[in-house]
Structures are given as C-alpha cells and as structure tokens.
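For clarity, chains are labelled A, B, C and D in written order, and residue numbers in each chain start from 1.
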Amino acid sequence: METFSDGVFAIAATLLVLEIGVEGKNDVGAQLTHIWPSYLAYATSFLTIGIIWMNHHHTVSLLARVDRTMLFVNHLLLLTIAFLPFPTKLVADYLNAPGERPAAIAYASTLVLMAAIHQVWWQYARRGRRLVADHVDDAALRGVDLAYAPGVPMYGAVLLIAFYSPLASVLLTFAIAAFYLPSAALFERGGEPA
Amino acid sequence: METFSDGVFAIAATLLVLEIGVEGKNDVGAQLTHIWPSYLAYATSFLTIGIIWMNHHHTVSLLARVDRTMLFVNHLLLLTIAFLPFPTKLVADYLNAPGERPAAIAYASTLVLMAAIHQVWWQYARRGRRLVADHVDDAALRGVDLAYAPGVPMYGAVLLIAFYSPLASVLLTFAIAAFYLPSAALFERGGEPA
Amino acid sequence: METFSDGVFAIAATLLVLEIGVEGKNDVGAQLTHIWPSYLAYATSFLTIGIIWMNHHHTVSLLARVDRTMLFVNHLLLLTIAFLPFPTKLVADYLNAPGERPAAIAYASTLVLMAAIHQVWWQYARRGRRLVADHVDDAALRGVDLAYAPGVPMYGAVLLIAFYSPLASVLLTFAIAAFYLPSAALFERGGEPA
Amino acid sequence: METFSDGVFAIAATLLVLEIGVEGKNDVGAQLTHIWPSYLAYATSFLTIGIIWMNHHHTVSLLARVDRTMLFVNHLLLLTIAFLPFPTKLVADYLNAPGERPAAIAYASTLVLMAAIHQVWWQYARRGRRLVADHVDDAALRGVDLAYAPGVPMYGAVLLIAFYSPLASVLLTFAIAAFYLPSAALFERGGEPA
C-alpha cells in the first residue's frame, strides 16, 4: 500500500506543474507576472499534498496490518489526491477572471472530500484499534486524532468562503498548508515516542 | 518486477486526470457540470486500475520466482494498463455525444484485452505450480482462480453492451469496479492463510 | 541508482500514451483506425523500454558497487530513455504521411544513441571487473556481452532503413522488441546461475 | 522522505520531455533542427536534476534522522524541482526568439531559488550536527559544504548573465551541469570513507 500510495502522492504533486503555461509570443515578461494565480495554485496544492502525505505516512507507521476495506478506502483517498491537478488548473486558469467562483468552489469541494475520506480512513483503522500495532500507545492515537480533526471543518470553511471571495478562499488554503506544515512539529511530539 | 509494475500502475492511474479539462472562458460552472462523463471515466478507470493492482500484488506475493516469459507477459499486461488513459479520454470526450459508440467499444476492448493478458499471466505462473512458492496451498491457488475467472466474460459483456448502449457499458464498468473492490474481501479470505 | 532508474523507465513508458489522440468530433470510429501508427509507435517504444529495463536490471544485479562516473553514464542513459516519448510522438504523428522520413530517422537515431550509451555503461562497469561483484563468474559477463553486442549494429541498420522506408524501419524496431523480449530467455540461461 | 523525494526527482526529469514538440505538417525535418533550444533546455534541466539528485542522495546517507522542519524544507526543495519543467519549457519555446530574456531570467531565478533552499536544507541538518549520523566524521561534512557552497553564487552569475545574453546564460547552466556531474567524483573522495 505504501509504495503505490507514495507513487500517487509524488506523481500528483509533480503533475501540478503542467497546469502552468504561457501562450503566444506577446510580451512573455508581462505574461509571467500576469499568471500569478498559476503560481499560487501550484504552491498551494503542492504544499497541501505534502501535508497529507506526511500525515498519511506517519499514520501508516502506526499500523500493524492492512485489510481489503482499508485498501479500498485508501484507494478512494488516492482517487481524490490524483484528481487535485484538475481543480488546481481551474484555479490557475480562472482566478482573478470570470469563472473564478465555480473554480474556487470546485477546488475547495475536492479538499473537503479528501479530508473527509482521510478521516474515514483513519477512523476505520483506529476504531477498536482494528489495524493499530500493539506497541502504539493511546497518546499516539490521540495525537493523530488531533491532527485529523481540523481537516473537514477547516476546508468546509474554505468552501463557504469560496462563495463570497474566491481569492480569499485560495489564500486561506495556502495559509493552512504553509503554516500547518512546519507547525505539524506539535503533532510529532504528541504522536511519536521521544 | 514489483517496483516497475507498481510504478506503471501508479503513474497510469495518476495520468488519468490529464483527460479532464474545461475549455474557453464561457460559464465555467455550467461546463463543470456538463463534463460529468469525464468524472465518470476518471473514477471508473482509477478504481479499475485499483482492482487490477490489488489482484496483481496479491498474486505476486504467492510466487517464489519469476522467469523471462513471466516478465514478458507482465510487460504486455503493463502495456495495456499504461494504454488505459487513452480510451478513458475517449469516453470522457465522446460519451453522451456523437462518437460515443466507438469510444465505449475502444474502452471495453482495452479492458477485455487487459483481463485476457492478466489471465494468461496467472495461468502461466500457476500451471504445474511453475512459479508458485512451496508454502502456498492449493486452496490459495483456487482462490486466485476464482478471482481471475470472471474478468474476461465480465468485460466481454461490457463490450457487447457498448454496441447497444455506450452509457450503460461505462456504468457497468464503474459498477464492477465499485462493487468488486470492497467485496474482494471474499477473495482475501479464500486466498490468504488466516 | 536502481530506484531512480526504475522510476524513469516506468514513467517514460507510461508517458508514451500521451502521444495518442483523436481530434475533433468527426467520425471517431474511422479516426481510431486511421491512427494505427500511434498504436504501432506506442507498442514499439513500450516494448523497447521493457527490454532495456530488463537488461539494465539484470546487469545491475551483477555489480557490487557504483561510482560517480557510472552514475554519470547512467544518467546519460536515462536522459535518452526519458527522451524517447518525443521521437515516438513524431512517428505516431507523421508515419504514413508527409514528414515520415525525418520522424523515423529521429526515432532510430535516438535508439542508436541509447544503445551506444548502454554499451559504454556496461563496458565501463565490466572493464577489469571494475564494478562487478566477486561472486559473478566470467561466463555471466560474457552472457551480458552477448546481450549488449547487437544493440548498436541492429539499431544502426534500423537507422539506415529509415532513409529508404520509414515504415519498414519502425516495423523492424517493433520486431526486434517483440522477438527479443521473450527470446531473452537465452541470455538468462547464460547470465544467471541455475 | 527518500522514496517520495526520489519519485519527485524522477518524475520531474521525465516530464521535461513533454515540452518538446513539433507543430503542423510543414517540413518536419527543418523543424527538428529549428527546435534546438528545446533539446538544449531538455538536456540542461535533465542533467541539473541529476546533480541535485546525487547531492541530495549522498547527503541523506549521512543523516541519522529527519524531523518535521527538515521534511518541510525538503518539501520546499521538491516544490522548486517539480516546478523546473515550466521554466524549461519557457527556454525551449522562447530562446533565440522574442521573449528569450524573461524566459532565461525565469529559468535562472528558479535555479537560484533551488540552490538557496538546498543550502538551507543542508545547513539545517548540519548545524551542530543536528541530524547527522554519529559515525560521519567532520571531513565528510566539510566535503558536503564544499559541494553546496558554489550553488547560489554560480546560479546567481547565471541569472546576471541572463539579463545580457539569454543564450550564454543557458549554455553556462548546461556547462555547469555537464562538467560538474562527472567531476563530482572529487566530492565523493572528500565525502565518503574509502
């Protein structure tokens, strides 16, 4: 499960760059500035995939085994992650232009779905310690609970904001990724034996 | 064989997203609804690759060794899997539009070919326990037989249906993937020692 | 070296599918037949990458260590393999149409270059058993010599033929891949202890 | 960290080929010569990723552990590497044509950023031997210092030159990659116990 998942994470993150492009021969320099939404969308999705990958990786290290249901839910999670380059491209193409609202809504909806499936994925493994390794103590499980809990409400808020201000919604997604990634050190302290 | 195969599975699945696109600047929201065949094709192929990967992975774990013929057949199998993004794109672009029949036929034909090569792949390894590990009992082999048997007839039926109703044929492919993936738990019980 | 190389092999093979496409809404069925050069180019390059990967993989298993020069030559080899999707696309787009000659020449030239670098790669490792593991006997090395020797002359012939008949040159490349891959069993018998 | 990073390196390098293309049906042979900036850009970026990958790989082998901050900085480094196909495409499309200056500046800026993050990445791990394995002696650390030191000034010079001569700036980047890669043998002697 780990190799395949790592592959999908890495490929989805690297495919994001294909959304960035400049067209025609007119004033390349001005275009490179003009397409700032492409850079924002790229960095936001790349960092977001980074967070999910780290959480995924850390959580898998707490598991002793994997069953078919877990593989199925994991595959659904990968389906949403591999889908991310599409709404990222929408944001890149339409942010700050007509069509930015549906683009930002599609982007946020994908993130809500991803966070929800990731939560189901973790709860399935954790409930009654179904797949958890024996040596993992309850504090480690609560550490992961705390790390997964904000996902759905946070991206739910991003989705609500997308209806009013697409730009604010994307910036908030970027901020979540940029601040959550390093501060996840907290999670590490709670989740791993010193 | 495993690393290379895992790579091709993961990359083919992740490349599927490149078929999804929105064109022009007109009413992005309406377009996002209008391209539902793209989502259906994406999910169908992603889940189908998931099933084949799981079966492939499970089966390889029963083998003790691999010879050049097996590598060759495995490479043919990977050739059809890596090809899947193309007929997936056909379905995405033409379903519910003129050209949907050849698109659905091409999609189903690829799946029939894939299932047939996967069957040959398994039979080659299994015949006379040619490549099977000693500790694997006959029940495990019969479990895999049962899992592989429906492939060709099932996708054969999908192909027949594609001539009459392209949409029904794609929906059936989706249903096969969506229901087979979790229910493959049965296969697990038959196929692995408790 | 192995992980990175395996990745490039798998990704280059899987990216090949992106060259296949159908344009416009006119008679999809007829177009699917009309683009047979795309299928031929796809299968030829996919099988060719398969052969190179198998030889590469087998040879690496005979090595005890890797130095920076080897890594450098290996990187040049990967550069030509990762380049292959481009001439493959040329063949797919121009075979059986104006422009087929330069397309086939570009394709064959890439294969000659690839075979030449692969030969240098092997000779560097083999000369004076520089990187070869101690337990590997000389027969195994001669087995690899025999497997690598035909590369450059064979693709050199393909290149010559491309000037006269682009189609024949691509078909010969396909035949080399299709027949060499299974018959490489010979190589296996010479190259690995029974 | 290693698997995910290796994946991103390999995928980014292999995606570079997608920037190379020929358009229309006119005189394919002449076009294949005319697009030499595409080949130059491809080779330059492929070799550059090769160097960074080798240095990254070697350095990781000196570390005993990885913390969340290191993972975060590593993810930023991967973000710039996965971004490289975009400025590579700019150079391929605009070198030797109007728009070559901003293209070369964007390319060089990406490389400066990449080198700077790679330096931060290494300094974070090295400072007070924070993440370094116990068995690694100080000479090995100084060897890595020497290998990382020229990165920012070298690509800074490339950036300055891009303002005056885009072509010279790309050729210098190519030369850095082509000569640095094999000569990195020096680094190996300093950096690894014999």
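Heads up, the rule we're going with is that a contact is a pair of C-beta atoms (placed from the backbone, for glycine too) under 8 Å apart; a residue touches a chain by one contact, two chains touch by 3 or more.
Please read these numbers as outputs of a predicted model, since none were measured by experiment.
**Student:** Rounded to the nearest 5 degrees, how far is chain A rotated relative to chain B when their C-alpha atoms are superposed?
**Tutor:** Rotating chain A by 90 degrees superposes it on chain B.
**Student:** Shared interface numbers for chain A and chain D above half of all numbers used, same, or below, different?
**Tutor:** different
**Student:** Hey, how far is the Cα centre of chain C from the one of chain D, in Å?
**Tutor:** 26
**Student:** Please tell me the distance, in whole Å, between the geometric centres of chain B and chain D computed from their C-alpha atoms.
**Tutor:** 37
**Student:** Could you pull out the residues of chain B that touch at least 2 other chains?
**Tutor:** Where chain B meets two or more other chains at a single residue, that happens at 3, 7, 11, 15, 18.
**Student:** Taking touching chains as linked, do they make an open path (line), a single closed cycle (ring), a hub with spokes (star), an all-linked set (complete), or other?
**Tutor:** ring
**Student:** Who touches whom among the chains?
**Tutor:** After working through each pair, the chains in contact turn out to be A-B, A-D, B-C, C-D.
**Student:** Chain D touches which residues of chain A in the complex?
**Tutor:** Going through chain A, the ones touching chain D are 3, 6-7, 9-11, 13-18, 20-22, 25, 27-29, 32, 42-43, 46-47, 50, 53-54, 57, 181-182, 184-185, 187-188.
**Student:** For chain C, which residues count as touching chain D in their complex?
**Tutor:** 3-4, 7-8, 11-12, 15, 18, 67-69, 71-72, 75, 78-79, 82-86, 89-90, 93-94, 97-99, 101-103, 106
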